[in-house]
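One structure is given here, and the rest of the page talks about it.
In order of appearance the chains are A, B and C, and numbering begins at 1 in each one.
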């Protein structure tokens, strides 16, 4: 455990070394956030229909949360060192360590996510909460809301990492770093509601996405925070997310073991 | 080239989390003087070896001479050009091999890389073919040319690199650690080749190396750099004469030894019928004469320290490591 | 050997290299296809929900989206050397290029290209064709010519931004993420017509980083919203952007040779 913590600390230090990088990151987040909000705003302006699934201020909160926690939840994260290790075969050295590979890599990826987020989310949320009118980031409606959101946030982070692990498992199978990662991330990005929020999608597609695990890494926590999902539904969703987390971790660990076995048989 | 100096400014970072957080707000700079007033002159067709510990300024020096680094002060003239000012016209006369990186393409047959270099340097086809055939001969590249670089061993790769850097008939060849990581046979091949193109084609060669065997085999002249300063400029023998005067004298004899220690000698060890002394090089004849008088000698051996050790002692004594 | 022929030689060698890993190549190309595909689907779904966007119809916007994606893809494929320039500096490869008596831009273009972007390219072209087939007012050679001009000019400007981003590598290794605002962000923001954004954005992306010159202004002419000749000239004027970009890069090279590192 201590090793994972020091890994996290290393990443954090590396992140802070670069002040320009930190500022650049925040600028990027705001550019992106404003752009998305403006696109939604234009669509809202031109829509005559009143029955839209989210209020505009809810959309804004959704977007700011998405920007603030980009590094915590993104499904396109790729650790090039690991990918390289797999495709070049040096992964066999990792196998010599007295560790299970799945939890070790899981912790490593989780640490990277946390370290990347710590430096970003606070300034983004702070600045966003100073914006005027509907653009403003506000506090959740009540204390129970806040607590449930924190729980959802934690599960979302764990779940995103678990989904992300499949990129590496797939890389083992296909022995190709870029392509596998790209395909997995492009699909899961769309399915999680990161490109457009799920309520804006057609009803049939929504039903499909509600069954899949991806929405718990973006759609669910963000929409719950912005008040678009009621409390009881939130509790059920959280339970479902925990269930998915357990399933995916188990499945990932098993598949990883099997992939490793074939990799070792092939001689790495 | 004379009076070259180069100063870099580097950011100084604190340590640990606190230091990193500090760096978010203010930073300190430190100046590094990579070269201090270095001057030397290399005649046409020479073969010069540059040595010095890591960070001594060797590569900075090479970069300045190659025209890709502008010095802070000083002047340099090579073939009538000021390298960094006339870079575009000057670099066509250069060949450069960096031992750790490649100018060839990883995934295409070496022959195609050669053709690309031909086009880059605008070498006419017939001259290119002539040169290629010559180097294929000298370096024994025959069946390597049609294989992609990634399938070649390190030694084969280096041979291809050398050929590639010479295809446009440069007047000057810079070699940065050309034998690093190679096996004994490849090293030998590389050295022989460098000798040949230096002698037969009159290419001026400047090489940096950590392998002292390279220096013994190749360099007519040695430049020793340390802390950005030129500490020695001359032959390897001269270097030895100046910095390594100790010899090891081993004598074997029959009969009884008694206590014989000629003046200027220190007894290091003794054994059954054998004595080993450390001795200054200029008193060797005298000592041998005395020992011959006192003992019935069967064998006398005078040894110099290996060059590696001389250089290591030198680095330590000059405090440049 | 002139520059053009050398460039062709570079391209053929890069292609040969890419084809050494055929399976990997197609897998990555498929990945790129899916990335732009989901992005286009998102635009489509938004129109499905909202009907229209400030008077723009879905096919008009998709035409713009397709043109932007195609242009960006061309720039990413051929300007890859500048996009990943940092590696060239870090590995010392730049030194090797500087040691050759050839134009540095040519050599950086030839250093690396990414042909797997063919996936995105085809996708972008497909969307454009689909959009044009739904917009009968575009079925004239002049209008299709302007559309092609939009793509080429856009590709040139994206390349210019890659060059500017590469220039930053000479001074800093950090904060390069900010370049993504102008490249990926530029692509994303130009997908929609600029008049849906706040005014300063249109001004910035017309006068400073002229994406709007490549896409928005000619789009006004294509869709019959403006008859001004300036709208057709805009993509050409946008190309002027390349001049300062290249000059600044040259300055960067000069800085590099005076500091090394």
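By definition in this document, contacts are C-beta pairs under 8 Å (C-beta built on N, C-alpha and C of every residue); 3 or more make two chains touch, one makes a residue touch a chain.
Just so it is clear, the model here is predicted, and its values are computed rather than measured.
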item: Identifier of the chain whose CA centre is least distant from the whole-structure CA centre; value: C
item: More contacts between chains, B-C or A-C; value: A-C
item: Approximate Å spacing (C-alpha centroids) for the pair chain A, chain B; value: 52
item: Centre distance in Å when chain A and chain C are each reduced to the mean of their C-alpha atoms; value: 28
item: Whole-Å gap separating chain B and chain C, where each centre is the average of the chain's CA atoms; value: 46
item: Per-residue multi-chain contacts in chain A, two or more chains; value: 19
item: Parts of chain A lying in touch with chain C, wherever the complex brings them together; value: 18-21, 23-25, 27-28, 31-32, 35, 38-39, 42-49, 174, 176, 178-183, 186-187, 189-190, 195-196, 200-202, 205
item: Complex interface listing, chain B residues touching chain C; value: 6, 8, 60, 63, 66-70, 84, 87-89, 91-92, 94, 96, 98, 101, 103, 105-108, 112-113, 115-116, 119-122, 148
item: Chain C residues touching chain B - in the complex, by the definition given at the top; value: 1, 5-6, 9-10, 13, 16-17, 20-21, 91-93, 95-96, 98-102, 107, 257-261
item: Chain C - residues contacting chain A, complex; value: 23-24, 26-32, 34-35, 37-39, 41-42, 45-46, 48-55, 116, 172-178, 180-181, 185, 188-189, 192, 196-198, 201
